[in-house]
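Both complexes below contain chain A, partnered by chain B and then by chain C.
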Partner chain A sequence: MGQEAVSGQVSYQRRAIGLWMVRLATVGFALLALVQVLYVTELSTFGFPSWLPVFLGFGIWGVFLCWGNILRLGEQGWRALFVLPAILLTVAMVIFPTFFGFYIAFSDWNLSSATGQHFNGLANFYQLLADERFWNALSNMIFYVATVIVQYAIAFGLALLLNSEIRGQKFFRVAFLLPFMLSPVAVSWMIGKSMLEFRFGPITNLLRGLGWENPSLLTTPWLAKSTLAAMDAWVWIPFMMILLLAGLQAMSKEVQEAAKVDGASGWQGFWHVTYPLMLQVSMTTVILRIIFQLKLADIVINTTSGGPGGATDTVSSFIFREYKDRSNVGYGTMVAEVYLVLIIIFVSLLLKLSSKVMQRQGA
Partner chain B sequence: MSPNVKKGLIYVALALWTIIALFPIFWTFSTTFKVAKDVQTGQIIPWLQFTPNWLGLRAIGLSPDTIFTDSTPREEFIKRFWNSIQASLGGAGLALVVGSMAAYGLSRFQYKWMIWRNKDISFFFLSQLILPPVVLAMPFLVLYKELNLLDSMFGLILIYALMVLPIVIWIMRDQFDNIPIELEQAALVDGCSSWSAFLKIILPIALPGMVAAFILAVILCWNEYFFAALLTSTHAKTLPVMVASQTGSQGISWWSMAAVSSAAILPLIIIGIFLERFIVKGLTAGAVK
Partner chain C sequence: MKLEHFHYISRRGLLKGSTGLAAASLLGGIAASPQQALAADDLRAAILKIPGVGKGQPTDADWQKVGEMCLGATKTSIKQGELAGVELSFMGLNNQNVHNVLFRGLSKAWADYTGVKINWIDLAQADYNARLQQSIATKTVDFDVIEMGAPFEGDVCGKGLASEMPDWVKKQIDMDDIVNYLKPPVGTWGGKQYRVTVDGDCHNFNYRSDVFADKGLADAWAKAGNKTPWGVPKTWQQVNAVTKFLKGQKMDGKDVYGYLDPTKGWGGFAFYFLGSRATAYAKHPDDKAWLFDIDTMKPRVNNPAWVRAIQDVVDSLPFEPADQLNADPGTTGFQQFLAGTGSMLSWWGDIGTNVYTNDSSTIQNKAAFDILPGSDDVYNAKTGKWDKLASGPNFAPNLAYLGWGIYVMARVDADPKKQKAAWSLAAHLGGKDIALWMAAYPSGFQCYRNSQHNVDEWVGAGYDKAFISNYLDSQFNSYNHPNGAIEPRIPGIFQYYSAAEDILAQIYSGKVKVQEGADQIAAAWEKLTDQLGRDNQIKLYKGSLGM
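Take a look at the complex of A and B:
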């Protein structure tokens, strides 16, 4: 179905109407935005009290763009209608705010002060370079990301357990999955504030019963970090387990039988047959998990708010407090954008590394 | 190791992890029915170690003796609960509609827009998975203030839809790729347009996948805290924000905290028990081949 053949069905008139529809809508939207810009910069007296009409104008422009394309291009326009809404929505709500963020990042902007925004160039960036709390949060992130490997090992073990011939597989699967479904905020309270309560929480009681006299889980810095990592693991291990279990179940039974017949012991069979076949799934799982781990915030904010002394801080929770305590949008955004750049570099390297490993494995 | 011992060890390990996974949930539900003394002495088993009490549910106006009377805490609680329902169903619904369309288009047609082709458009959507909420949160504070969308349900639904859109596209793309293209080709020969083929033939087949994507999106939106904490205050505040604000101010009234937390997790536990199949399907779509 060539493009010429399809657009050939559209009459000249319809094409012209479609083209003008797109043009007029674009001009109309540009005018609307211009009016508001002039009003906000106090160059004219006519305008709207908020930017909402411009935002809605963007939506209406999008509708006319799709409609005009259909008139202009026929079937091609109908096809574009499948992806255009998602693209327009993403551009308006993700791409634009991200770039707008750079504009905020180079300014001194305190939302609670009356003076509003004014540029201060790279001042925020220099402040960040000298800010020990940021570097501390970043090094904590390295620790949190490293714990993914431990989570992966446990999740793999659980997936193997669930994949063995057991009764009540369905029950165990549901039970193991449940922690993943729970709200991190509720988990912070359930485990962090209540079960780890120093005087009478069931976990601290258990640890005392085991002979640990002073289980100060959330007040000793390195313990607090490990405890939060454990809570986070409790929530996320099911996610990795489900992916790995699906990988195990997709593996053909013949391969697994072959491993046994060859006289390989359970461990050898796993290490030489199962594990290499699981490499692809493992890579995907760990990379996805690391990407989610880089966003870690809710549990930290609600359990320790980064304490004691920043020991549990993540970059996200650090920025969250920066805004909540000081309404400092400019500096917070600078930290966020720098973090984004670091994440993009890190994840690209990770993806490159994983595809190298996969190539070497010949998979 | 004899097979029986091995089998026994497997069940011991399974039982151990079941306790680890379920005890915090049990603890939360049971603490709802404890009085201060029971909490402080670390009682665990109801009826045996402590006598269940309506204290927790009374604190949010849902105990048998308060449920038919006027109660401010209950109104507050119901409002937050309803907000959470609206935000998660709205956000997930919008993402499902827009995302399924995009996924279908990317799965079936070849697009070319300047130097962009299907692969680039797919990457454009998926790459947003790595965007941490904190990068968007600050600009949204400023933009929503300018747009008059701060503390509004519409604003929250929009941002939730965007948050889950990449995941919905990922899952649905995998679903559509697995449906043979011959199905629509036959319909197109019969004079169907691409849209009616999509709506009448493909969507019904892809329905289980859509349910899976929708449920996963609802879970993520229901649990979302970061944006809700920054962008909402009195009007559009959701349940997780309510839970979080209570931990700060009155950490001692265990029963009411437990009651609110239980309410926040109960809907998801019900979903988890009855719709586990769909959740697993959603999680594994696209990731495991």
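Take a look at the complex of A and C:
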């Protein structure tokens, strides 16, 4: 069948079959969804105990949509097949849940409530505006995001080191990557809960040996925040390092050699040649890392639970407690949606800024 | 050939040891009752020797052995293989490698005998509440049996999700043996019995006997100008004074600390520890309520009694170990007190049973127990005044959590075979003999039966008589105290506690003033009560107080 379709010569009969296949599948799926909506809204007594059949129906509809398009459009249908499944999956797993999240965010829904979920307009949003703990967590995020610059500097240094002709280069490449291979949860336990343990932790004992009488790293607000930032950096610096290393290795050696021939010192060669040429890779690395940093939660949840007194709290760990400990689904979702919007705005501005910097650099 | 019957008889015979009573009972020539009573005593003595106190922490092999030896009651109600083909999902905790982990071992012989397959759903303590609430709210209850605390009964039994206990189970587990404070209304909802109790919970006062018997410290205490003799504090006022005094003191060349306050959240469970400091101030003998006003659910957490308790924590923290601001209850109990840091602690009864049986304990021969400290005065929420009782200090044990229980879900009721299997499993784990073993060894469970107060049985297991008498008295005197502070079994109770934990953390770290923070907690609780439905909460609160 494929040859005719790929050739672009689609017969009338095949087009008709494809068209009806798409139409029937669409009507079938719409009917299935309608039946379930009527059932859950108690307008009908016929329906399914869960939404699983509707979800499966969406998948079957997707299959018929792709198949119908191939029959109907020939080569164009085949081309669509490369992206359509990904689009349908994104719609099902990202776009729909995000918009459905708004529906939950505008409701008063506590899982223990005797009356269940009910619409409460903007009440959750107003609550968020007045919630000191949310603003505290958001202000902590500024600190955590700012540490990305330090992480970048260290990662760049390590990347330069691994890019140079040093002994054991391959070993160090793998060794430096190891922290990134560890789960942040494991890091929280290994470092935060064990090595930094006040009584028997090897790091705290070392600090005692160096003369620090009470090396409690997780009880003073600024120190706790810095300690968590350091643990997080330890996990993520290798990620930045590997991107920067890839950039360095892709860079033409001739340019650097030309600078050397012209008498540039090591620092001058780096600052006037390597660094500007690496700006694009650097921007991409930093922006990606900031996006990851904005989701920081696991290390905080496991090591300090946001304490002492909210000093290490992040927006994600705050949302986690709101959901998990307080079953406050409506408000928790509102915080998550608002944070998503803030992230989108922030990252968009960042991209715009980076694009301007690049343009200026290009000019 | 019923080889397993032969094995069973042989095992019992073995337990009866050299007395030859096993052979005699098989012959049937001796009157049954004294025989059975003696056999039961032998069984209890035998299981308590597995592995034996001071012989290391019990292993899975030990749990399996105990479970197998306690199968007698199951065998009277179920034939071998009668429930083959049934599958049960059991949801519970995996804290400190006990609870569900222990249940696996204890129920292996039961599963082999009945033919039931058990699928285990393990949860960390901090994840438990969320998982349960999500299952209820989304109508996706995917477990047949659950290990659950009484505070969740409002959420589960109140919504018709639990199966009512059949009469044969009540008989098998000997309900009359359970201590009074865990009898109905605990475990019931709307007059129906739902719970097989496996645990009795209260906070008791754990202290270091060596610290309070130390001559050097006694001299230093007197030298510091204290008029009262050096000894175990009986009131919170004394606890606070001792905590302040001990900062900077040394015993055997090591730093000594006083009371240990957990200040880090623990999924709502850390709030109990403030409760233990507050009950002596807030639970008036003339008033059943201490957490909310009965008729309105107005929180009392910002009244002078609670504010005083919070202030006590704030004032004590500078005198506690330097990492106390990052210590949750697990840390204070197992990493600090059992490991030798701190001399006073409020905790559930697990500490006492771990002193001699937990491999990480360093305080053998150094721990002693009492009911929670009292207070020289108690706040009367009705008059708004502090009362000094004619009887002396006010004591009010915090009956925190009311223990774990095994609950069978209503979804098994449609299948009689499955229902029987689920209840049989619950009855096996809540049996009288197995209860004794679970209280004597690390299990996450403490005494909940009157029959567990037999000191001689514990001594037979290897416990020191003075130690275990002291421990059991601290437990049973708390359970039977006339002014015990009862936990409200209302829906969402852990949401109240969790909301408080966040604000308390800010108070403890100095970000928010005590009264201001307490007012914030009260405001958060009021909002929560409205969200959950105030009228319903008031009704259930009254019910939980037996009103």
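In this text, the second predicted complex is superposed on the first by the 352 of 363 C-alpha atoms of A that agree within 3 Å, B and C clash if a C-alpha of one lies under 4 Å from a C-alpha of the other, contacts with A are read in each partner's own complex, and residues count from 1 in each chain.
Everything below uses one rule, namely that a residue touches a chain if its C-beta (ideal position, glycine included) is under 8 Å from a C-beta of that chain, and two chains touch if they have at least 3 such contacts.
Bear in mind the structure is a predicted one, so any value in this text is a computation, not a measurement.
Asker: Examine A:232 and indicate which partner it touches, taking first as chain B and second as chain C; both and neither are also allowed.
Answerer: So A:232 meets neither chain B nor chain C here.
Asker: Looking at the overlay, does A:111 come into contact with chain B only (first), chain C only (second), both, or neither?
Answerer: In the superposition, A:111 touches chain B and chain C alike.
Asker: Taking the superposition on A as described, I'd like to know which of chain B and chain C A:297 touches: first, second, both or neither.
Answerer: So A:297 only meets chain B here.
Asker: Check whether A:323 is in contact with chain B, with chain C, with both or with neither, and answer first, second, both or neither.
Answerer: both
Asker: Looking at the overlay, what does A:174 touch: chain B (first), chain C (second), both, or neither?
Answerer: First partner only, chain B.
Asker: Which of the two partners, first being chain B and second being chain C, lies in contact with A:198: first, second, both, or neither?
Answerer: A:198: touches chain C, not chain B.
Asker: Shared contact residues on chain A for chain B and chain C?
Answerer: In the superposed arrangement, which is not itself an observed complex, chain A uses residues 50, 111, 199, 323, 329 for both chain B and chain C.
Asker: Sort out for me which residues of chain A touch chain B in the complex.
Answerer: Its residues touching chain B are 49-52, 55, 75, 78-83, 85-87, 89-90, 93-94, 97-98, 100-101, 104, 109, 111, 157-158, 161-162, 164, 166, 170, 172-179, 181-191, 193-195, 199-202, 205, 234, 238-239, 242-243, 246-247, 250, 280-281, 284-285, 288, 291, 294-295, 297-298, 301-302, 315-316, 319-320, 323, 329, 332-333, 336-337, 339-340, 343-344, 347.
Asker: Show me the residue ranges of chain A that touch chain C in the complex, using the header's touch definition.
Answerer: My answer: residues 50, 108, 110-116, 133, 197-199, 214, 216, 218-219, 221, 224, 304-311, 321, 323-329.
Asker: Which positions of chain B touch chain A when the two form their complex?
Answerer: The contact residues of chain B facing chain A are 10-11, 13-14, 17-18, 20-25, 27-28, 31, 39-42, 44, 98-99, 101-102, 104-106, 109, 111, 121, 124-125, 128-143, 145-149, 158-159, 161-162, 165, 169, 193-195, 198, 219, 222-223, 225-226, 229-230, 239-241, 243-244, 247, 251, 254, 257-258, 261, 264-265, 268-269, 271-273, 276, 279-280, 283-284, 287-289.
Asker: Going by the contact rule at the top, pick out the chain C residues touching chain A in the complex.
Answerer: Listed in rising order, the residues are 126-127, 129-130, 133-134, 136-137, 140, 155, 263-265, 267-268, 321-326, 328, 335-336, 339, 341, 491-492, 494-495, 498-499, 501-502, 505-512, 528, 531-533, 536.
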